[in-house]
Amino acid sequence: MSTLMQGLGLVIALATIGAATLAILTRSTVTAVLAAGLVSLLASVLFVVLAAPDVAMTEAAIGSGLTTFLFFFVMGRIRRESEK
Amino acid sequence: MVSPVLIIAIGLGTAFALGLLGSSRKTLQFGATLTALAAMSAISVIWLVALVTGAAQTAEIHTAGAVPPFAINLRVGIAEAALLATVTLTGLFAALSLRAQLLKLGRGGMAVLLVLIMAISGLVMTRDLFNVFVFIELIAIATAGLVLLSEDPRAVCAGFKFLVVGQIIAILLLVGIIFTYHANGSLNIDDIAATPVGVQGAALAMFLLLIALVIELKTFPANGWALDIYTSAHPGFSAVFSAATGSAALFIVDKVVAPAGAEWLPLLTGIGVLSFVASNVVALRQDNDRRLLGYSSVGQLGLVLAVIGQRDVLGEAYLYVAGGLILSHAVAKAGLFWMSAMVRGRNLDDWAAIRARAPMVLAFATFIAMLVGLPPFPGFYAKWDLAQALVAAGRLPVLALILLGVLIEAAYLFRWFGFAIKREAPEKGLSANMVDCGITFAAVIAGWALGWIWGAIPGQHNVLATLPMLAVLAFFALEPLPAKIKNVAAIGALLGWFTLVFGDYDPMRLIFAVVMIPGGAVILLASFTETGRRIGFYPSAMAMYAGLALLLEATTFFEFFAAWEIMTIGSYFLILRGKMSEPHALSYMLFSLGGAFALLAGFALASGGIQPFALNQLGTVGAELAPWVFVLLSIGFMTKTAAMGLHIWLPGAHAEAETDVSPMVSGILLKAGLFGLFLMLMELGRQSLWGVDLTVVLAWIGAISAFLGAVLSIFQEDAKRLLAYSSISQMGYALFGIALMNHLGWLLAMMFVINHYVYKSMLFLAVGGVYKRTHTKLMYQMGGLITLMPFTFVSVLVGIIAMSGVPPLSGFGGRWIFYNAIMDAGLRLPLILIFMAGPVGFLYLFRLIHTIFLGQLKDPHRQLKEAPVWLLVPQMIFVAFLIGFAVLPGMALQKVDGYIGSIFGDQPLVWSGRAIASEFGYWNPVAIMVVIAVIFVSVFLILIAKNHDAQKVKQFNIVFSAERPYRPETTHFAWNFFAPYRKALGFLEAPVVTSFWGGVTDGLNGTAEFTRRFYNGNGQSYAAHVLLFVVAVYLIAMGGVA
Amino acid sequence: MIPKVLISVLLLLLGYAFWTLSVGYAPDTELNRTAAYYAANAESEVGAPNIVTGIIVTWRGLDTLGEVTVLFLTSAIIALVLSQSGGPSGVSGADFLPSGELLTTGARMLVPLIVLFGAYVIMNGHLTPGGGFQGGAILASGVLMALLAEPTRRFGHTAILRIESLSGSFYVLIGLAGMAIAGGFLDNGILPLGQFGTMLSAGAIPLISVLIGLKVGAEFSSILQSLHETEDA
Amino acid sequence: MTFEWIQVPYALATLFIILNYGLLMTAVVRKLAARVGGRPGIPVWQNYIDLVKNFALRSKINHGVMYYLGPVFRLSGGIGLILFVPTIYGSSWAQNFSFAGDLVLALYFIFFGTLGMALGAGESGHPHSAIGVSRGLAQVTTAELPMALAVYSLAIQYQTLSITEIVAAQQGGLFNWTLFTNPLAVVAAMFAFVGTMMRSPFDVVLAPQEIPIGPPTEYHSAYLALMQTNRAIFPIAKTIIYMNLFFGGAANWAEFAIKVFLLYMIPAVIGVVHPRFRVEQSIRFFLKWGLPVGILAILTV
Amino acid sequence: MSQIALTCGFILILAGLYGALTNRDILRMIVAFTVANTGVNIVLVAVGYLPGRTAPILDSAVPVAEAAQRIIDPVPQALVLTAIVIGLGITALMLAYAYRLFRLRHSLDISNFTELKW
């Protein structure tokens, strides 16, 4: 484990935290959902660094992929509902 | 034997396979669901039976062909099997209860239910921490799904709140699990427990783990979400949520405590007790039935959590206690939720609808008794053992808080029961059908069966397996018969029991036995006036008599206490039968339970946890504890005798009871308290606390009761209340006599036992007869009934002569013994009150006879008839007895006198022929009777000789102030009869005690109202409560551990 | 509503607890006994080079079964939730993402590839990173892609349902078979372990992976579809 | 002591003496009071005349059984009280039937007549009778309290409840009387004595109606005669108890006559010079003055 | 390395909880919870990490005999896989609920759903 990896990890961690802050504090729900997806994506990179490829795959597919779409689907429904 | 894994496999497999059946064949799907649940139940029950009978050993089930801790393993021992049976059976019944919703929704709903039951079962069996997490999440998700079955749209909000909190729990749980794994290198619960931990942070990890599991229990105050679910979900599901999920969650905490270590136990106790007491307090102000049940569930889980926290002192009794409480809770709560499905209205008083169906009332009573922990249900045994263990370990505050909680719980549950019995039935009524009734009754049967099993466990005394209790059960079966036949059976049963046992009793017990058993039979004669079936009367009455019978039979603390509680329950139901008795029956129940808990604590303190502890070993209690035992037991017994301060339940309870019930509860039941006091003082003798002789305190209380009871009595307008207050006074005399702690004092008390039974029963029956005819109990509305009801008049006349102590009737004997007794005693000041109480008593007695029978007859009453003959029969028996007893007091007292002499080692009375002499004076009842009779007859003859031809004129034919009165009402001086007395001594009437207890009640209700505002309905606030709870407990715990 | 300040204080206190955990944490230098057991016995007991898959499918198979059940439950409940609520017709995804010609065509080409990739990930789960879940998720993304591309098209509900039910039931049956003929519930030893490191090895692991993959894929698809589609389905 | 038939004529003789003494003495007291007030008063044989006249009266009515029995109870109470208390200390024939019971019997038997009379009056249906009973009972509860305490004090002092033994203990000189050996008890008892003799200031009980206890509007003829008889003997009987308990008893009839007369005069004199209390006032009076003395009596003995 | 990941995970958890407790919009609460869940996953994986070792896959690079010395702890990874899937399930469920709630009241503000209380 090199210092390089350490540095990489630190950078990814900071980015993740940044994305999370955005997800929590932003005013727009769409931005928040996308930011949350980004958090997951960055986390899966972190998992790779942490020698967990299985987890990384899962997190990428499920956490950042499917979950985000679920949000959008529901938001779409709600939007249509309120437009009616 | 099939493997218990099949429970999981069948549940899951069926859930998955339901999709293959096609969405249109809903009935088929439902059938499959039921079959699967039935199969799961069958497996659990088979295992339970096998484990209990010893046919099987605790099963360790390995999965994946590897040994733990490397693969997940399951375990099924007795506790697991019992819980599995509870869970799966609840699930099966829940499916039935939810059938309409499930059929509507089809496969999805059924699959969710199956998975829920499967997951709860898995949670019970698994020994792996992470597996616990998976099952908990499954349960959470399934719960969120089933909540939607409700037609109440608010359920959606509840479900969402639940999910939010579920997320927080999941986070805490996962962090806790992973750090525990890090510290121990294992996820297996047993493995962790077996490995000592040295790693820093392990305690904190364990804390997160535990606290997450504890929040699963919906502990106060982190439980707003759960209450919303109880309120809005379909009751068929709430039953599962409360009974199955709750029990399983408790079991998980119990599992995890082993690896966590004993240092967490106090924390669990604290949380549990807080949750128990606080939830019950809040429930006081609740009027939605399901939310009330929710609070009660939360409280019960808290109670069991506290018991888990006390496992270190419970030792081998742990499973018995915790199991008893959990199963009681599960069965009763499930039953109540199912009943709630049938009641259409959501207010507590909408439950009045169940009154129309006697079996439903029985079910309701059963469930409430189970929750409160009354005999013969498991909670009762559990409560007893718990108290013993807690006291033995010196954890009195825990016991006190738990008992307080039970008392509050009893308050709202019995208030609710009172609503159901007494409130006006709502129009909405009941939607009962065969299936719902069936599952409710399955719960009832399960409850009684559990009661039997808990009693039958070796080393316990099975309350149900006694002849009197079996008789009570028999009377349940006799309910369809007409009242008159049941009455014959009841009298027969009482007399039969008496002939069976009376030979074994010492003279003192025998006196009590005669008063309680054949005495009860005499009063039952009056019940022949009742027509119809009189549903509910006989089981209640026989339960009371069974309690009394067992009380006399009791040789150990436990038997005594059990009998005491049975007697209380029976009499509560009896009193509740009165027309206006709802609040009074409740206060009776609460005071009785409070008193019973004082007894429980006293017994536990005395025995120091040794079971069984014989009553006659009470004297061996160490000198430090003895005064405290004395105090606790006295409070318990004095609650029953309604000593001043603890008396406020009595007037209403006795006055509002039915005609033939009042004499039972007054004439007979009060004696149980005296019996207890006798037993206690016989063994404990005089005790001092802080230099105060406690018997002197008792004497003071007795004297104050005797005096104030009499004073309050004279101000009553209601005839039965007057008699009721008079009982307080009379019991005060008896208490005073016992507290004198000398031979004659005790003889005096025994005299009161007999006399009070006779004349109070007689007077209550007489007044009851008058009430039956006039339909009022207010004396000033009566008057002049002497010519219409001559027999009743005679019995009242004899009654009041006897009671006031005027020679020649038997009350005088009591007074004579009293004077001789106080000659020996060192007590002088309380005597002043006693001296004054005598004439004051005369006041109310005169008022009773005067305002009812003398004075002017009112116009509406001119056509009244004499009371029903069956009311008169026992009265005449009593009259005959009083006269006989007056002439020959020796027939009852001489043996008792000898027996008391053997206790005190003296013999102050000399019985020569029919005369009695003491050191100080003498008493010849026969001579008194003869002299008075001769004088009376002579004077009477003179009068007849002169006035035999007197002209009979109408009573109304009077003149006063030179005017003819206009209406009889205007000339009946009756209302506020002792007006001058009120002017002079009315301040004694100030309701100090009532205000005090009223203040206590208001305080509790105020606290409840204030506290429940905390549940503001906002999901985020609830989540914040959870965090607040976690942080608060964290700070406390870390402070404690560090 | 609770003031934000209070929430912050609460979370700071909770953060203190976490901080204590994190300060007290020292990475292991050796594998602990459980992990060491897995490392040592992965070949002999389960025969799967990817130890994580071995653990998931076999040693902690009960968890996995539960996990599959979670998805099953979720999809069932979501279907219930949405069927009860009634709602507007139409589809939702189109509002957020353009479903132009390009996407449609692209999707038509991509979907088979995605499915293929999913199948690969599933089948090699015991050898390389991946397995039933990951593969199932990828399969579901294929369905998602198709949904996005052709919003109005309806996918075979019944087929998905059948796949879901059948794969689930088989999973349970295999578990039972483990109990009957091997070392216990969910033991992968019902089939021969085979040659370590090859595709058809590790006993029942590939089979279970396939079932998990199918089931997870079906469940994800059904969830996506439920949330995407109109209620009149 | 046991019963012998000879006691019956002895008792009747005692009764006869006391009845005559009572008839005469009450007349004398009334006459004295009248003279003090400057009126001529009644002849001393007036009571005999009234008695005979009432017995002879022909018109009589009946309101009911209890009404009928009321006077019977009343007179039986008076006679019984006399017969349960030994009249003359040391006399073999004036012991009456005191073997049947001791002091306690006497104290409680006082209520026998009261109760019966009250019941009888009650059945007359006259509101005034009820008012009178209500007042009487209310007052008696506190008026008797000092007496009860005094008796208890006495019983402890002499360690007996037997009246004969109490009298015996007071023989041998004036200073052996309870009056001197236990003055507090005597003072307390005298409160009760004055309070229960139905004289002013404690006679508001009689005021409204004079039915239950005094001569009558409703009761007349032989009913009244019985009551008048009782009126003559009952106060004497009560006074005898006080005499026995506190004033050395009487060793012969002369001593009896003097002591009873003097004791009887106490309430009479007090009554002449005091206005009436209302009932609540008397209750307060007894609680304020009688009760403390009684308490002191039992505490100091 | 694991300290960094651990801290990052904890911060995500706290941030997520903060968001869930302060945002009244139901959807935003759900988003916040997904962030918190990601944080939990990071914590889990970080705990299983051993410095200087490789992924727990036995291949030519990591022969069976050396496995115990070469690989990191596989157990937390297995757990995380499960946790991720469960997290998705719950998120989906909450979203469905959110939609139901919206239909009920035409609002996504959690403080509008308080009729069950006390």
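Letters A, B, C, D and E name the chains as they come in the text, with residue numbers starting at 1 for each one.
Operating definition for what follows: a residue touches a chain if its C-beta (ideal position, glycine included) is under 8 Å from a C-beta of that chain, and two chains touch if they have at least 3 such contacts.
Worth saying up front: this structure is predicted, and the values here are computed from it rather than measured.
The chains in contact with chain C as well as with chain D are B. Other chains, considered apart from chain D, form one piece (clusters defined by touching). The chain pair with more C-beta contacts between its two chains, of A-C and C-E, is C-E. Measuring from the averaged C-alpha position of chain A to that of chain B gives a distance of 59 Å.
Remark: chain D and chain E have CA centroids separated by 99 Å (rounded to whole angstrom).
The distance from the centre of chain A to the centre of chain E, with each centre set as the mean of the Cα atoms, comes to 11 Å. Averaged Cα coordinates give chain B a centre that lies 50 Å from the centre of chain E.
Of all residues in chain E, those that touch two or more other chains are 2, 7, 13, 17-18, 21-22, 24, 47-49, 51, 55, 57, 75, 77, 79, 81-82, 84-90, 92-93, 95-100, 103, 111. Residue positions of chain B with contacts to 2 or more other chains are 130, 134, 137, 141, 144-145, 148, 175, 179, 182, 187, 1018, 1020, 1024, 1027.
Those residues of chain A in touch with two or more other chains are numbered 53-54, 58, 62, 66, 70, 74-75, 77, 81. A list of each chain pair in contact follows: A-C, A-E, B-C, B-D, B-E, C-E. Contact residues of chain E toward chain A in the complex are 1-2, 4-5, 7-8, 11-12, 15-16, 18-19, 23, 25, 27-28, 30-32, 34-35, 38-39, 41-42, 45-46, 48-49, 51-55, 57, 72, 77, 80-81, 84-85, 87-88, 91-92, 95-96, 98-99, 102-103, 106, 108.
Contact residues on chain C toward chain E in their complex (touch as defined above): 1-2, 4, 7-8, 11, 14-15, 18-19, 21-22, 25, 27-29, 31-32, 34-36, 38-40, 42-43, 49-52, 55-56, 60, 63-64, 66-67, 70-71, 73-74, 77-78, 81-82, 84-87, 127-129, 133, 196-197, 216, 223, 226-227. On the chain B side of its complex with chain D, the touching residues are 784, 786-787, 790, 797, 801, 804-807, 812, 815-816, 819-820, 822-823, 828-829, 831-832, 835-836, 838-840, 842-843, 846, 849-850, 853-856, 918-924, 927-928, 931-932, 935-936, 939-940, 942-943, 946-947, 949-953, 955-956, 958-960, 965, 968, 971-974, 977-981, 983-985.
By the touch rule above, chain E contacts chain C in their complex via residues 2-3, 6-7, 10, 13-14, 17-18, 21-22, 24, 47, 49-51, 55-59, 64, 67-68, 71, 73-75, 77-79, 81-82, 84-86, 88-90, 92-93, 95-97, 99-100, 103, 111.
On chain D, the positions that touch chain B within their shared complex are 3, 55, 60-66, 68-69, 71-73, 75-76, 79-80, 83-84, 97, 99-105, 108-109, 111-112, 115, 118-119, 122-128, 130-131, 133-135, 137-142, 144-145, 148-149, 152, 155-156, 159-162, 209, 217-218, 221-223, 225-226, 278-281, 283-284, 287, 291, 294-295, 298-299.
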